[in-house]
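Each in structure tokens, the structures are laid out below.
Shared between the two complexes below is chain A, which has chain B as its partner in the first and chain C in the second.
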Partner chain A sequence: MAKSLVSTEPYAAQFEALQATLPDSPLAERRLQALARFRELGFPTTRQESWKYTALRSLAGLTPATTTEAPSLDRAPALLADTAAHRLVFVNGLFRAELSDLGELPQGAFIAPLTEALDDETLISDDESGAFALLNQALFQDGALIALERGTLLDQPVILTFVSIDEAEGRSTHPRLVIRLGENSQATVIEHHLGYGEALGLSNLVSSVHLATGAKLDHVVLQTEEAQVQHIATRRVTVGRDATYDSFGVTLGAGMSRNEIEVSLEGTGASCALDGTYLLAGTQHGDLTSTIHHRAEHTTSRETVKGALAGKARGVFQGKIVVEPGAQKTDGRMMNKTLLLSDKAEIDSKPELEIFADDVQCAHGATAGELDANALFYLRARGIPEGRARALLVEAFLADVIELCPVEALREELRDRAGRWLAEASHEEAAA
Partner chain B sequence: MAATAETVEKVQSLSERYKYGFVTDIETDMAPKGLSEDIVRFISAKKNEPEWLLEWRLKAYRHWLEMPEPQWAKVDFPEIDYQDAYYYAAPKMKDQPKSLDEVDPKLLETYEKLGIPLREQEILAGVAVDAVFDSVSVATTFKHKLEEVGVIFCSISEALQEHPELVRKYLGTVVPYADNKHACLNSAVFTDGSFVYIPPGVRCPMELSTYFRINEQNTGQFERTLIIADEGSYVSYLEGCTAPMRDENQLHAAVVELIALKDAEIKYSTVQNWYPGDEDGKGGIYNFVTKRGDCRGDYSKISWTQVETGSAITWKYPSCLLRGDHSVGEFYSIAITNNRQQADTGTKMVHLGRNTKSRIISKGISAGRSQQTYRGLVRMGSKAEGARNYTQCDSLLIGESCGAHTVPYIESKNRSAQVEHEATTSRISEDQLFYCRQRGIPEEDAVALVVNGFCREVLQQLPMEFAVEAQKLVGISLEGSVG
Partner chain C sequence: MLEIKNLHATVDDKPIIKGLDLTLKPGEVHAIMGPNGAGKSTLSYILSGRDGYEVTEGEVLFEGKDLLELEPEERAGEGIFLAFQYPVEIPGVPNSTFLKEAVNAVRKYKGEPEIDALAFMKGLRETCAKLGIDKEFLKRSVNTGFSGGEKKRNEMLQLSVLAPKLAILDETDSGLDIDALRTVADGVNAMRSPDRAMLIITHYQRLLDYIVPDHVHVLAGGRIVASGGPELAHKLEAEGYGEFAAKDAA
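After this line comes the complex of A and B, so read on.
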């Protein structure tokens, strides 16, 4: 195997330096094992099929530094500022109580920084296999735990804000998110990843989500990190009988980002949606890799991802639906559409089906191209200037997918952000 | 033929198992078992080849030794012992036959059983056939008629003797010897194959056709086909393949290179019916084939049509390099797997020139315990202004133990290029089967009928004579898959 561009040694050094300060728990041993396994594996290379289109070039320039104290921050920007919510704020991977506002929690709900719950070994799953997930397991300093007991309904959304401050080079943070929903419980979780500063930094998030019978989770992730940030997120989701997992991801930021999601529909009637959008410009690289395992009968999945690429941006979509033997009556649909707005943008799309049962309905589609010339002509013929016409069409293209965001209150915000992104992208295009 | 007679015949053919599973007892001239530089030299010497070709073969052989076996395909088989096979087996003949009359009658009988009566075809059908038996080409019909219009259609060994400059100019330019392990092996030990050259502006007056057959035990077949359509010409080419039933696996690693110059068009159709092994997956052919077409000139077109029903393992990706501006690539495929067959097949469309177009229609049917994968690549290069691709891959599942997988790669570096990909997988419709059965059509026939409908878009692309044969094949291949 080809040698990775990025050495694992500096991270081992980071671990040594951090070790003394890491929250003590029964996990200490596991951290060591994870580190050893990570060093054995090394960072992924493009020779690995799942990383074929994503090279870790910029990460190679990063020397991880040890930080045990987050830089100061007076106020964290808040999503849905006017809405009552349970808010947790993390700065460079560390929980900041003074910026957070947990609000009032209903009976049966437990929401807290992960460090307060580390005695429960089961919270950190054992079977991490990817290099980044293992690295996270070794190095995580804090994170969030959201656990609902059976039948608990959480009215207010949980908003997790992860702020990266990259004033000095070498930030290497590894937050962790654990969501456990008991039978018939319901929650809405919104993650917001943002940052300040222009130095190279690594955010390496791992989330593990578990939905018991009949539970429902709406999960929205808005990623707007700075251009030098390398953002890696690995999410593993198990969905129990008749449970529903609806997620929506928006990728706007980070120089390089990779979202790797693995969903396992384990119980009869389980369903999931992995929708989202990516809007990338400049030299951004955004990778969305997902696998949905249908392991039981009557399971349903939908994945609709639409994106627009400007500048020299490169988008990667790798989606895979696996129907395991015996998972009859499965319905799986996947769609990836990409608009290329510039001559230098590139999309690599790989929608995959792997089917081992016969009574199934599975379909996927992928398209790539520029705006429809006819639609553009139609608008221009009605006196709409070209720039405006283009913007209208892109907005319409994205409006479709934003409608799928399960948190209605966020849609307006997302449309706004898309509009601003578009204005900026076309401005740059015109300047170029 | 009267309708009733046709029905009787169809039913008969449906109840047949692998009807091409006979062995012809013919004396053959064989090279010693195994693979080494000496064998490569032996083959080259046997064929009286020029020095440059021997050098090329040896280069390929040395490279092959180093190359890793491709691992990415979704197929599973024990490691191949390359030393346990014969790399050269030729039916013994005193001299090169001048006409069909001199060909060993037993051989001709074999071809007749296969449904290619060379003699009759010479007179009636108007299809020129080049038949390759084990390793060497035995007879080429219709040669003279083709010569009149300047078309060269002969075995590649003959072409090497008579038109060495053409072969040298084009051989290995589409599939380089180091392309992949199987192509590399082929480059080292290829024994025969067909060579076609269509001169500028000529529309080949008849369909050209090759029939491949592996007869001898433990032989591999490594044929190499090279088709060149010069400016403004047109040719339609068909190949068919069969092999006797044997318990051990046999290797077939062919290479096909197509070159279409400006305004030329090549239509290449394959009906592949190698022995697929028995119900338990014993025996059968390993069909590891590299096929690639190069649309070198502007406005050229290459169209692949394949019906893949045989082989224990199929590993095959007929591809098009769309280099010329406005060139067109097409890929129509039906792949049927039953019992324990494995097929990993698809295509690559590499758009390099401006306004290039490609269309991919792939229909996969898996039954029994077979596994089938469509694996395809559509790449829009940064200079492929206005390029267009449409891909449709449908899979049909029959029975709960089979698998159907779709692995498309779509890469676009040009915003004006438009790529569309659609794929569906579902089971054969209960409603349609019920409808047929209600009207007294037995279940097995009903399945064949529904499947034929499912494949219609591709079957239509086949030359008339072979469309009928292919339809029958669809029925035979699925036999035993229901109930």
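After this line comes the complex of A and C, so read on.
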């Protein structure tokens, strides 16, 4: 295998420095092993099938360092500011109690920063094989643990705000999110990744989600990081019998982002939705790669991802549905639709089905196109100026996917952000 | 109000309009009839400013202004309305949103303040009632999944709400059964006024039984080859376009 242009060496150095600061823990040895495996693997290259469309070129310029002193921040911008929520704020990967408000937790709910659980051996798994996930395993310092006991219903959403402040080059943060919902418990988790500053930085998140029988999780991820940020997120989800995992991802920020999601529908009647949208402009690159394994009978998956690309932005959608032998009565549907607002924008869309059972219903599809010229003329002929007409058509294109966001209270916010994104993108387009 | 002088236009470098003259005064209803391929739709698109139509000679003045210099939305702002032969489906944009955006855009163009949203909706529901349109129509996405008749009725609704100075109706009768045709014609007739001119473009005389024009013109080979009163339409219905097509060929 060809070696990546991005060296693993500086990350070994970061590990050395970090190691000295970590408490003595049973995890220490396994971190070391993860680092060794990471170095053996190296960063992915475009010769690897699942990284074919995403090069890590810009990461080569980064010399990673562990921030020991977190930058000052008086207040983190709050999503759903008027809603009661359990709020955890992380700045450059580290939990900030003074910015957070955990609120009151019902009995059976445990929500805490990982610093309070760094010796919990179950936080990491030994069957991790992705380079970024291994790197996270070696370098994670903080994150969140959300655990609900059987039958616990969390009324208020958990809002995790990850702020990256990149005033100097070299931020390399590796937060970890662990969500475990016991039988018939329910929660809503919202992640917001945002930042300030113009220096190159790396956010490398790993999430592991486990839903026991009958549990339900609504999971929304809003990523609005700055242009120089390289945002990598790896998520593994296991869904038990009759459990439901509904997720919605919004990719608006980061110069380069990769969201890799693997869902395993393990119990009869398990279901998942991996919906979302991407709105990218300039030279942004956004990659959404997902695999859904149907491993039991009567499992259902839905994946609807719609996005718009302006400028020279590039989108990547790789979606795979795998129906394992015996997963009869599987119902899997996947759709990716992209609106190309400029002739220099590009989408690489690769929906795939691998089916090893005979009594299943699966469908996939992908479309890409420009704004409908007839519709644009129709609106203009009624007096609506071109810019507004384009905005109306893009909003209309995104309207149905935003309705899929499981947190209803966020939909208006998402529509607003889409509107603002479009205004900025058209402005850039006009200036170009 | 509208003066078209010696208009020549091409589509993909192919001459379609070849020296067309036409003048409309306020209050007048003109019908342009002609065989397929005569340039009828081209004329409507040139007047409304669609891309892909190049005017190579001549001019079009609307209330003395050079119309060809204006963007489509500016023409709408000036008071020109094209009822489309094939109204476009726009999934995701509710009809009422579309109408409000259009009305406010035109008001803004004229330097008027935005319309009060409640008053607008009230007026809209009244107009729907007048045109025999179900209020549910307003909630549906623009023309999406509408029948041919519903689409044309929606054009009439827009015509009523926008109340333009000049309405161009491009093959408004196509695809309509007799009942729908009557409803649409009623909508148009209700909009006839001494201040408003109308240009009705049609292949068949049928529509002109319901909307009786002041003047009828025959468009063939990219030019007006005959003009007259409503009786000309009946003559065409009886004798066909053969005579004019021949004249053009000669």
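By our rule, the second predicted complex is superposed on the first by the 429 of 432 C-alpha atoms of A that agree within 3 Å, B and C clash if a C-alpha of one lies under 4 Å from a C-alpha of the other, contacts with A are read in each partner's own complex, and residues count from 1 in each chain.
One rule holds in what follows: a contact is a pair of C-beta atoms (placed from the backbone, for glycine too) under 8 Å apart; a residue touches a chain by one contact, two chains touch by 3 or more.
A quick note: this is a predicted structure, and the numbers were derived from the prediction, not measured.
K.L.:
Touching A:367 in the superposition: chain B (first), chain C (second), both, neither?
P.N.:
First partner only, chain B.
K.L.:
Who wins on chain A residues touched, chain B or chain C?
P.N.:
Residues of chain A touched, chain B against chain C: more for B.
K.L.:
Let me test your reading of the model: by the given contact rule, A:386 touches which partner, first (chain B), second (chain C), both or neither?
P.N.:
second
K.L.:
If you stack the two complexes on chain A, which partner ends up touching A:397: first (chain B), second (chain C), both, or neither?
P.N.:
second
K.L.:
A:6 contacts which: chain B (first), chain C (second), both, neither?
P.N.:
Neither: A:6 stays clear of chain B and chain C.
K.L.:
Which partner does A:354 reach: the first (chain B), the second (chain C), both, or neither?
P.N.:
After superposition on chain A, A:354 lies in contact with chain B alone.
K.L.:
Return first, second, both or neither, reflecting whether A:377 touches chain B, chain C, both chains, or no partner chain.
P.N.:
second
K.L.:
Take the contacts of chain A with chain B and those with chain C, and give the residues found in both.
P.N.:
Comparing the two interfaces on chain A, one with chain B and one with chain C, no residues are shared.
K.L.:
Using the touch definition up top, name the residues of chain C that touch chain A in the complex.
P.N.:
By the definition above, chain C touches chain A via 48-51, 71-73, 75-77, 81-82, 84, 87-93, 97-98, 101-102, 105-106, 109, 141, 158, 162.
K.L.:
Name, in rising order, each residue of chain A that touches chain B in their complex.
P.N.:
For chain A paired with chain B, touching residues are 49, 325-326, 328, 338, 340-370.
K.L.:
For chain B, which residues count as touching chain A in their complex?
P.N.:
Against chain A, chain B makes touches at 72, 380, 382, 395, 397-427.
K.L.:
Can you tell me which positions in chain A touch chain C when the two form their complex?
P.N.:
372-375, 377-386, 388-389, 392-393, 395-397, 399-400
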